[in-house]
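Have a look at these structures, which come just after this line.
Each of the next two complexes has chain A plus one other chain: chain B in the first, chain C in the second.
This part shows the complex of A and B:
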């Protein structure tokens, strides 16, 4: 009896001891810095000044948030940004109608409805007569980040899916190809951006050389307003294809061969089999890949910082680069932290969505 | 046996610790792997400075110097992070324009009282150099150069366009002449007249700033009022954009591409700094390049009074450095100060009067061709927001020539943003 209780005690103790390293590290390097960041965001906090005089901070409440996200005489109007707001209204109508005729699950209807509502609501804010945003660059930067995510995520997902489907065979050549495609993933962002800067160079670049062979004029990818974002998206797709591809391959190998054989009897082969068998069975993997990619690509920094320096005219300026510049170039840690908290909220939202979707029974 | 080994290692560590002072050094200029210790033969900023550092490491008794790995683009971010973390390098290079920001917060050590003892004579520094390291009556560093924007000229193209007289290029004296010359070059050779990095680094900003100063105006004043949306700024920008509009210059080239265009013989003029004179001289001496006849000209006066953008590289010591380490750091700075002539080989303007008046300096390649630049040197008013202000100007000017943003909108936006920075 006594022995048993002793062993039970030691089991709890063992659990505590085994968990301790993780908990301590997690608290020290994630929980504490996070709350510290929130705390700093409520202060006027100069990075350098604080280093020489720890009392050089001033509590300013939510002023940093106001200075970053708000402005003077900000008004809301239903047709301030007609394109986005009308798209949102259409989405809202669709979610109601499709739910009524039962073409959409309740969960999907709510998700579409919420997204549409945000689309109607958020772009409606604009400076009124004589007003202005306090920080003219913040919302366009958020917009650029969204564009980047909006291009990179489908780009990575679709190309990884196609590649995975094409290479889902047990031959030696396919094994070699899989390794090749995964190789880019292990490179660091500096190497990737260096490779692509050379590729995109209008003078020495591979792309320019190909264009010239066919008699075209080379494009200044990185300094042309229309191509700069596309350029960093292309580099990103090439870089982050690997992990998505591996996830899809794992998903593909889970699909039983019997289903394909059954489908083949119904004359579904090739593209039809892909559409009617592979895709539905990969639904959960696709959701996982998409959400992981969204969270990952919201944090884009290196590609924009190293390839285009946010230019031309801020068209590739992204949120993390803006946070970095505000914190280190301008030494305004308080303001930078406020932006970082905003980014956390966005990524947190997607994490919650992933959590909900992951628990949903198919 | 093990015991003996440990004792030996411990003894060795203590011996070196006692005799050698470790100095950590941070600099930009790029990396040079095999710079050697001969300071008189290296070419280019990176290799010349590294050879001087290597020589100091070899020749100064009891001092070993470690050059920290840094990156050009993020140098000041790294430096700030090091200061904020309480581990700044023992000596580091910086620009004159950053002195108000760093010295203003008490990051840099005031060294005026210790210079003479270390063998540095501030009386030998040119007035501009002394000014570069001075802040509120104190001296916060040792200057290394004055660097400025120049016009690098391909004489073959200019000759073909009939723009050479007495072996010197004929440069424009008005915006109208600028366009005229550009057309002459195009008709005679089919090449662009002018190339520069208008697309990434702020070289286009420095060009436009010079043209604004040439009209007696500036982008903000000492009281902290932004004055960007002005007639002078419009004139300056129009002088540049007329070349883009007529297709006589390409605004989309970045630093590497614009330099390559010039070296390939695809542009008559490259607007770039003093830091490349020795590199281009070496390039022009090689067979089979597009640049065969190279000339370096002062930035021409296109409006009323001469002016060109200029700055200084200076070496500073953190305020936290004390005792023997501080003395060792000063000795390294004295060594760099002694090698001012070697650094001037890059093309930079020397800062010591004794060097400037020497024959060795006068006989450096092309030196006489841009002797007027020291007089033209100018910069924005000092501000601890210099870097951010320059970025605003760069963004808005690029918006004009890369994305077609109306000049009036760009200038109005720039003025608001710069005023915000000055008010913060």
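This part shows the complex of A and C:
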């Protein structure tokens, strides 16, 4: 009896001791800074002033959030941004109709419905007569970030999927190619952006050379408002292809070869086998890759900061870069923290979705 | 007319030849079983009929049509896999109709064929389930259903019962036999289980190392094997083999305790031969002294005795009922001389 209780005690103690390093590090470097960040976002907090006088902060409640996201005379209208709002209405109708005829699972219907609702609701806000946004750059920056995510995520997913399907063979050449494609992943963002700045260069760049060979005029990718975002997206796809490709390869290995043989007998080979057998069996992997990429690419900073410096004319200004500038160039740490909390909410939402989808079986 | 004909069929992987020029004719409506030990090429040969493996040399005909270079889908064959190979993301109904949908058959025809196959295999209650929600036996039924729906000229079975437990295996075996009777299509069936081979086949093809050892009806192979390999492979427990020497018009077999006189044309005096005797054709004589009982196994209806001769040669004897001899007893055996098989020691071919 005594022995038993002693060993149980020591088990709890052992657990505490073994968990302590993680818990302490986690608390110190993640939980505390997070709450500290929320705390700062509720203050008027100038980085320089606080550096000289630690008491130079003032509690302002949610005024930083208002300063960043709101404006004077903001009104809501159903047709303030007709394209997005009508798209949202169509999505809302689709989610209801498809759910009625049972072509959509309940989870998907709710997800589509919610997304559509946000699409109807959010773009409807606009400054009324004589009004203006307090921060004119914030919402366009959010928009740029969304465009970036909207282009990079499908770009990475589709190209990684195609590459994985093409390289899912056990030959030495394919092994070498897999390594080669994964290699870009291990490069740091500075190297990646340097490579692509040279690639995109209108004078000596590879792309410009190819364009000229075919008689075209080279595009000035990084300084042209139409192409700057595309250039950043292309560099990002090249950079972050590796992980997605590895995940897809793992998913492909899980599909039994027998099924392809059965499909060959059923007259489904090549593209048809890919469409009818491979894709449906990769559904979970695709969902995982998409959500991981969304979370990753919302945090884009380096590509925009190093390749275009947010330009031209703010067309590649993204959220993290704006937070960085507000906090460390303009020293407005309170406002920067408010934006960071906003970004946290977006990424937290997608994390929760990923968690739910990951748990959902079949 | 939907038989299968192979002419000098060869399969090579690089320098390694796995099928060595096979000639075989399978008649329309025949149930043909390929048997042989692991690695004998039986599955490869079946997959060559299906078109899942290329035929390196020779020609393959199905229903009088040469199919050697055709795609699997163009050969008019359907295959049932050991692992079932059902599409995990599709329901039973979708699994069964996939092939027809891929070939653009009209909906009414597909529905009709599914109803037919469902009736034959009693799958009505499972049509809207996914494979993951089915038991092994049900999955294999669906897999057979998928084959039936396609209405092929030739059914191919690649060890279809190997993943099932013993009880289900017997059940499905009977079901496949019934299916063949109902449909009457040509079927090729690969197995290493000789009970399946003996009970299902009209014709058994015994393969070893990519070559045909013997082709024939199950009982013909049992009664009249061409060589030691077939004699040892067909029948369970396997035939006993002991060595002997031809002497004075008979064979001296130490393990059997003296000279025996098989009813065959014996080779020259002094030649070494192999004598085969099936366990079920011998009886224990408790008064003998030539053999020692090592182990006895009582299965209820029948029993096996594992015996060793003084020279270390082993024999198995099967008896009805129980064996009275105990471990370590010295015994002898009795048998009818016409039950003895004689094989050449070097070539292992049968001496008749």
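Just so it is clear, the second predicted complex is superposed on the first by the 362 of 362 C-alpha atoms of A that agree within 3 Å, B and C clash if a C-alpha of one lies under 4 Å from a C-alpha of the other, contacts with A are read in each partner's own complex, and residues count from 1 in each chain.
Following the convention adopted for this analysis, a residue touches a chain if its C-beta (ideal position, glycine included) is under 8 Å from a C-beta of that chain, and two chains touch if they have at least 3 such contacts.
In this text, all values refer to a predicted model and were calculated from it rather than measured experimentally.
When both complexes are superposed on chain A, chain B and chain C sit side by side without a clash.
Applying the stated contact rule after C-alpha superposition, one finds that A:269 touches chain C and leaves chain B untouched. In the superposed model, A:127 lies in contact with neither chain B nor chain C. When the two structures are aligned on the shared chain, A:140 is found in touch with neither chain B nor chain C. By the touch criterion defined above, A:37 lies against neither chain B nor chain C after alignment on the C-alpha atoms of chain A.
Of the two partners, chain B and chain C, it is B that touches more residues of chain A. By the touch criterion defined above, A:220 lies against chain B but remains apart from chain C after alignment on the C-alpha atoms of chain A. By the touch criterion stated above, A:261 is placed in contact with chain C alone, chain B being left untouched.
With both structures placed on the common chain, the touch criterion links A:281 to chain C but leaves chain B unconnected. Between the C-alpha centres of chain B and chain C, as seen from that of chain A in the superposed arrangement, lies an angle of 140 degrees, given as a multiple of 10. Once both structures are overlaid on their shared chain A, chain B and chain C have a minimum Cα-Cα separation of 50 Å.
Common to the chain B and chain C interfaces on chain A is no residue.
Listing the residues of chain B that touch chain A in their complex gives 73-74, 76-77, 80-81, 83-86, 101-102, 105-107, 199-200, 252-254, 256-257, 260-261, 319, 385, 387-388, 391, 395-396, 398-399, 402-403, 405, 413, 416-417, 420, 424. Chain A makes touch with chain B in their complex at residues 46-53, 132, 134, 136, 201-204, 220, 222-225, 305-306, 308-309, 311-315, 324-325, 328-332. By the touch criterion stated above, chain C contacts chain A in their complex at residues 50-52, 71-73, 77-79, 81, 83-90, 98-99, 102-103, 130, 132, 146, 150. Taken in their complex, chain A has these residues touching chain C: 256, 258-259, 261-269, 272, 276-277, 280-281, 283, 362.
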